[in-house]
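I'd like to ask some things about the structure below.
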């Protein structure tokens, strides 16, 4: 069949490297941490290499087994895939630097964490590369089950119930998605996205599949009002896991939704569904932010903040009708910025918990002086979340506002405006207490430098994204995932 | 329902109010009706990928179409699915420790039955594995039978000796995915795609993958049945 | 690409870099921190001086970095930028000296000076911004950099003041961003252009443009403390004195006022704004703020609060001068940007000295303080008379041009506002001066610190004396070249009004 | 009505029935069973409709997918059951706190 290109090799490598790492970490338990870090570094390098070749040579196609769709499974890496892979690698690497210190001294935890996390990473990379909706189902399950197992890792009651609720939700979502896959296959004889895109027509089968797949993926993405499982799971998991879940795992199902929408459903369904998704997104922004503001625990606040920030991505759906590229680029940029910022926030929260033994916001007690790097990380990540310049969040918000204003969608403009103010309110609520002396005395533990720096570097990354719009948007253009050509025509 | 009243009831009693049940029933009926409508709107005749599989079956290295799809055309799905199985085992092991041996001593009859059945089941597994190449069967069916043998052993109170419960067990569990991955990646060294078996080697490679997969799947399922990691070492 | 391309960026980084290094310094590295601060400030002043020379000789300084595909981050040194840059660079140097003296021995100085430097970085960025998005970026950065300074003391009062400060400024920033994006969707450019870049837009956009103007001015009005957006300013007084000086005289309120100048002259263009009918309401708003701030100042016993309300009033002179939309008034407004800075920073330095040396915070505690601290109070007196508008101090020059400009544009009533404001200024400053100079001092001061022979530490005394001297100088020597007035005239000629 | 459609309709019904059970029942074991019922429904739809080929021999691709799906479902169920046992061991109850999950 087609000759293997450099891009293909790197594409395969970023799936197999973390997989191999997971197997080795499981096999050689005592070396799990070292193997894990090695696999993380190798995977990140492979992701960078893939990005380089894709930028140079254009979209990567790889026919697994040499068969090609529709008989075989195709892997594909265009600009959007690569952006997601880079996001995963960046956050993944930071978390891999953070985790060793976090789990140090806890018996068995490293040997349990590393294989599961590397399996999760395998699932993420496989997912972002897949062009086959059934294969996407398998990756989704890989991802979901690894995430659940990681959530429950601490074994505490809140973590177990959080994980259980998460598992039920994620399985329900997968089944709904799979039923949609079944209907599409039997309707059009393929599970390859590109083949389906050519064949689908607006039949009842497509509508039903759209409903099932959307519902399933929205549940997994925790879009309001299907977010009920997210705060308990994300807030009770071990800190590196919380960061992974909020930064990466919810993005995966969003990514699938976006792909399906762009390539299969959007031309068929008209504006109504997009409007509905936008409405839910608006609800998420407002409801999530208000809930975040009401929290007294830092991890819960950050988890609800994820619910809110996810809403922004969905504001792109109604806007894409007339301003496709701008709106989708905005969503992708926001997703990327959110991944870095949210991971940084969770890691910072983990440092605060390690330091003070609690995450009560009102008792942060001048922690800015004692953990300046950590509070700095939280603050910088907060800046990006608020959409204040200079940061990735600002660029994303700018693009989204631009799309909304250009179309006169003042309702969405209003939501973004209010949402931004609410984020500022809850971020500065935390920072205000971090600067203020509290009435309580509490013991404090030293926080290892690697934990502080991992958080700070991620946050700085979120800020630097504010200056990288041109290369990132250029990357997003590779392979034209947002149908720019069609929109212009 | 407040916590106070909840405490007086058993877990099984916690149910929806009749009104909500009715509402749910209506909603779910709607889902069923929608699904039925969609299903019935499908064309009555569809070949799907039947012809495509038929055309390439000769190249796949096996004669049975389902096995060809599982191990060759869509072998990548199967690889990931075995990863899922292994991952779940790792997850289960991180959650709990296997309960120690049951006090209930296996009776003589069960013991005899086990001694008789287990070798037979292994034989059946081997047959299923072999027959998969041209008739229904294959690694999963064989693995399931293997695991049933393992479950029988567990039920009769047998456990792996400590010396085998460590890395030998882990190696067995990992072997299926490891061999599959190694073959998938190894064929790329000739410039082929991931999992693109050279056609003359396809049959052998698939058999190799299936054999190790059977072993690993059997071990994994049996280990899952135990519900926790074996107690070994610190 | 030659070196002059990078000078504007270097001006920004000359405080950014020291700031970032200072964050990493241990608390006890006093000398290194001081050196970094002063070197940064001196380098900045030198670079600004260089740009002054260059711009006089027709050189062009511009740094341009790509931000979005069609939008650049632009730093450009034009005459108007230089006016503000010079003010901030000069006053930063003075304030740094003052802050080093003021904070001696107090905790968390690395953090303080780090954010202090960031704050000036943002201000300089605001001044040099060559388009609206660059302006917005530094404007928001300013909000973020000043917050830690406002809550620096870590008390519950400080936390609440910080909350109020943010509630206003974040809201204002959001309005500004909204207006900016909206404008961009209409024009496709945000580049500051002399006499504006909107003239080409047709009549169908009048309503949208009016709304954008309101959004932008409201967003800027928050920092410029235009009524009703002024509420944060008096509350932010909990911050240490150098911060108050910075907030009031140099950075925050001036960034807002400067932004209003930019929007009216370089975005909308003054003729276009007039045609749109948006300048009149702005004149009214500014005039109202002037009177309102003065009235409120009358009733404050807390010295810093009185000064804060005085700022609310005085900064609106700038908006007033801009909104009158005539060349002479514009000169008055722009020159007041500098003059008010010099005078108000003097007053805050003096208030800080009183608090730091004698523990005086209330006007009622000031009786006879002139005898205890004659130099400080002399500087204070200069500042106060300048605010009132007494010649030959700088404030008079501003008011004179504002009045002339208003008459020139036929808005005679504005003169009454100016006169009324001066009377009110007198009404709240003269009693302070009377009490300080002519009342008997009490036996003990609230919290006296001993400085031996001197009335207070030298680092605290020299800055207000210097700025007071500059305020007098700017007034006396207004007709010389390079005076703020001469420069403001140059701006008006070169940029706003074609001869 | 061909057998293929009968299977698919029954599958649809099982999916809906499982969904009902998942929502209505609080006990975790019932929820897990309900998910399995749903899964069986999906597999019936996926596998059953493969029998619509004119030649009579069913389309092998969906069958392979069903096998993959079943293995995944088994794995998920195993994890769910162990998690349920841990929830019971730590909280003393086999329901989720605060209402009833889905």
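When the chains are written out, they are named A, B, C and D in that same order, and each has its own residue count from 1.
Keep this in mind: a residue touches a chain if its C-beta (ideal position, glycine included) is under 8 Å from a C-beta of that chain, and two chains touch if they have at least 3 such contacts.
Only a predicted model underlies this, so the values are computations on that prediction, with no experimental measurement involved.
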item	value
Furthest chain, CA centroid comparison against subunit D	C
Selected interface, B-D versus A-C, where C-beta contact pairs are more numerous	B-D
Geometric centre distance via CA averages, subunit D-subunit C, whole Å	67
Chain centre separation in whole Å, for subunit C relative to subunit B (CA means)	71
Between subunit A and subunit C, centroid-to-centroid distance (C-alpha), Å	43
Distance from subunit D to subunit B - Cα centre to Cα centre, in angstrom	15
Residues of subunit D engaged with two or more neighbouring chains	15, 19, 45, 49-50, 52, 61-62, 65, 68, 72, 75-76, 79, 83, 86
In subunit C, residues with contacts to at least two other chains	none
In subunit B, residues with contacts to at least two other chains	35, 39, 42, 46-49, 53, 73-74, 77, 81, 84, 87-88, 91-92, 95
Pairs of chains found to touch, sorted by chain label	A-B, A-C, A-D, B-D
Contacting residues of subunit A [partner subunit D, same complex]	134, 137-138, 141, 145, 148-149, 152, 155-157, 160-161, 163-165, 167-169, 171-172, 175, 178-179, 181-183, 185-186, 228-229
Subunit A partner contacts - residues on subunit B that touch it in the complex	34-35, 37-39, 41-42, 46-49, 52-53, 56, 72-77, 80-81, 83-84, 86-88, 90-95, 167, 170-171, 173-174, 177-178, 181, 184-185, 188, 191-197, 234
List of subunit C residues in touch with subunit A within their complex	23, 65-69, 73, 107-108, 111, 136-137, 140-141, 143-144, 147-148, 151-152, 154-156, 158-159, 162-163, 166-167, 170-171, 173-174, 177-178, 181-182, 184-185
Contact footprint of subunit B on subunit A as seen in their complex	1-4, 8-9, 12, 16, 19-20, 22-23, 26-27, 62-67, 70-73, 75, 107-108, 112, 115-116, 119, 122-123, 126, 134-135, 138-139, 141-142, 145-146, 148-149, 152-153, 155, 179, 183, 185-187, 189-190, 203-205, 207-209, 211
In the complex, subunit D residues that touch subunit A	15, 19, 22, 28, 31-32, 35, 38-39, 41-42, 45-46, 49-50, 52, 61-62, 65, 68-69, 72, 75-76, 79-80, 83-84, 86-87, 90-91, 96-97, 101-102
